[in-house]
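Next, two complexes with subunit A in common: one pairs it with subunit B, the other with subunit C.
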Partner chain A sequence: MATEAKGEEAGLVFHPMDQFIIKPLFGDGAITWYTPTNAALWMGFAVIAVIVLMLLGSSKRSIIPSRSQSVAELAYGFIYKMVEDICGKEGVKYFPYIMTLFMFIVCANFLGLIPTAFTPTSHFAVTVVLAMAVFLTVTILGFVKNGAGFLSLFWVSSAPLALRPILAIIELISYFVRPVSHSIRLAGNVMAGHAVIKVFAGFAVITLVSPVSVVAITAMYGLEVLVSFIQAYVFTILTCVYLKDALHPHH
Partner chain B sequence: MATETNSAEAASAPGMPQLDFSTWGNQIFWLVIALIAIYFVLSRMALPRIAAILAERQGTITSDLAAAEDLKVKAQEAEAAYDKALVDARAEAHRIVGEAKAEIQSDLDAAIAKADAEIAAKAAESEKAIAEIRAGALDAVKEVAADTAKEIVSAMGGKADAKAISSAVGARLKG
Partner chain C sequence: MEGELAHIGAGLAAIGSGAAAIGVGNVAGNYLAGALRNPSAAASQTATLFIGIAFAEALGIFAFLVALLLMFAV
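Take a look at the complex of A and B:
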């Protein structure tokens, strides 16, 4: 109440983080682990978007693709080429997992750009799970594929012998920082953009500033469209790079 | 109670709802469900289908290119055949023209020869006629000369010996 009163006095009410609040879809009760929430709803929309794009888009199986089919093929070719280029031929078998990550992130990001939408990828709960899944998979896969040889990832054999222990410590730290940066990069970018748009929208209350505010929101929106794709791309390409480390740990 | 205070706090305070750990379990649960759903849709249905479409397109393009290559070779063969036919036809035309020329030449030669022969025959005939006429004329001249000489001799009062006069005229004519 105190903050609200203060905001009204100044003519400005900022609630940039309110859009990220997780609410139950039905009623007003507590949120248990199975409650259908707005987050669950928009994740469901992301699943539907993936199904519409990849499944219905390609349902005609035409040699000369329709628009939706060529988008599906483009997405397929884009990620497939990325996996093949970075991880090599052995990486291709993990292509469906990487494709799943990419399609979920890209669909959730873009759906989150719809006004009044909720963006699941702006929550650390989501991105941390995604990043930890990649981290654990890559680590376990690395040990399964290479045994103790996976540890040579931290032993930079091209460096002078005296430097190697120091480098090993640095490599080890950087390895464990990976899931942190991997998850915070995505959620941070998405959240920051949405919050900034909300702040600009808050300024629109002042009549004189409102045209500037509209222009600023438009510009931010354009930037957010870019960020939505680029962050999904970055998350996916980093996943590929980490997977490459698991498959070929030798520098 | 803890969740209520948390949500009340999140609703009024500008804190980060992202750090409200009471909602993490819920989000993780739905996220896992969403990821599993997407994974099954993609790996079981969408990706194999798109891979099949791409492979089919690649096959179609390859076979179309091969067919185009075939057709190109055929077109080149057809062109070569056409050129050959053209050269043959030209040679044939030359040959026919040559033959026709030779035939015409031989016909012409024959005709010329015949004409020459005819002309020669005619000329010989004419010459013969002219010779006859000339011979006739000579005889007539001799006769006239002899007659004239006899008349002149008789007119001058001489008695003309016909044989002497004719021999004298002959000698004069020869001389």
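Take a look at the complex of A and C:
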């Protein structure tokens, strides 16, 4: 789809969606599940960034923190407080998973903002795996912790009896839509932002509007830095909310 | 012809983004109104704000998904 819209007809030098094409790192062969691609490369960079940041941040443990230590402690405290506030004391056990999710997404988003970089979180394939992992974890955890009592999540006991079956169906649908909206929110926001930047970059070659376009790219880039963080935060906070539902299913 | 209709449909689906914008603006505006009345309670409610925004945004994202499907999958 991206290649056929190229050229005179589209009016752009490059197609704004070209940046999301997955390419193999070596050669031009077909992409199979084991092919090292640019998506895998940038996910690897994100993992390395997390490891370096957290190792550097926690290596010294000085009273007066260095810059990397402040960042690591800030991230740790921020997520820890979020998990504690939303899930309560029992949720703290699952803090490592939520911290991992947040750090991976935030690093992948920020690394993707480097010009010519590839953003793995702009692909549904990546975010759907993250969201399905959360969904399965939370569902299994709910049944393990509460047994059949987990189903009371769908039985709204505060509603009038006649309404409860209808509400149960609605709750059931909304429960299964969770991984869909959870994953598409992240990928959609990141992808849309990057595509908008590329559209403005396409206008930059026209001399008349190029100053406006460059200013617009700068402004959009600033917004994207914000969106990168907010979307990672939203993904994490929704994970906490789902976890809370699994731990305390009673309305 | 069918492809062109799909493009028109994608454009129509984009109206849903505007509806989501109204929803998100409503959530954020009401939060701000409440926060200015009682600033001391505002900090404890930012998580609720983001959850509300995320839920309001989800339906706009479904519209975006429909647009994407019409553009690239149909």
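Basically, the second predicted complex is superposed on the first by the 238 of 251 C-alpha atoms of A that agree within 3 Å, B and C clash if a C-alpha of one lies under 4 Å from a C-alpha of the other, contacts with A are read in each partner's own complex, and residues count from 1 in each chain.
Basically, a residue touches a chain if its C-beta (ideal position, glycine included) is under 8 Å from a C-beta of that chain, and two chains touch if they have at least 3 such contacts.
Because the structure is predicted, anything quoted here is derived from the model rather than measured.
Of the two partner chains placed by the overlay, only subunit B lies in contact with A:Met43; subunit C stays clear of it. Looking at the shared chain after the overlay, A:Phe200 reaches neither subunit B nor subunit C. By the document's definition of touching, of the two partners only subunit C reaches A:Ile184; subunit B does not. Of the two partner chains, subunit C is the only one touched by A:Tyr233; subunit B is not. Of the two partner chains, neither subunit B nor subunit C is touched by A:Tyr94.
In the superposition on chain A, no contact is made by A:Phe118 with either subunit B or subunit C. When the shared chain is aligned, subunit C comes close enough to touch A:Asp85, but subunit B does not.
Between subunit B and subunit C, the partner in contact with more residues of subunit A is B. According to the touch criterion, the shared surface of subunit A, contacted by subunit B in one complex and subunit C in the other, consists of residues 1.
Touching subunit A in their complex are the following residues of subunit B: 3-4, 7, 10-20, 22-35, 37-39, 41-43, 45-47, 49-54, 56-57, 60.
The touching residues of subunit A, when paired with subunit C in their complex, are 1, 82, 85-86, 177, 181, 184-185, 188, 192, 230, 233-234, 237-238, 241. Interface residues of subunit C, counted against subunit A in their complex, comprise 47, 50-51, 53-54, 57-58, 61-62, 64-65, 71-72. If you check the complex, the residues on subunit A that touch subunit B are 1, 3, 14-18, 20-22, 30-35, 37, 39-40, 43-44, 46-47, 50-51, 54-55, 58, 61-63, 65, 69, 72-73, 76-77, 95-97, 99-101, 103-104, 120, 122-126, 129-130, 187, 191.
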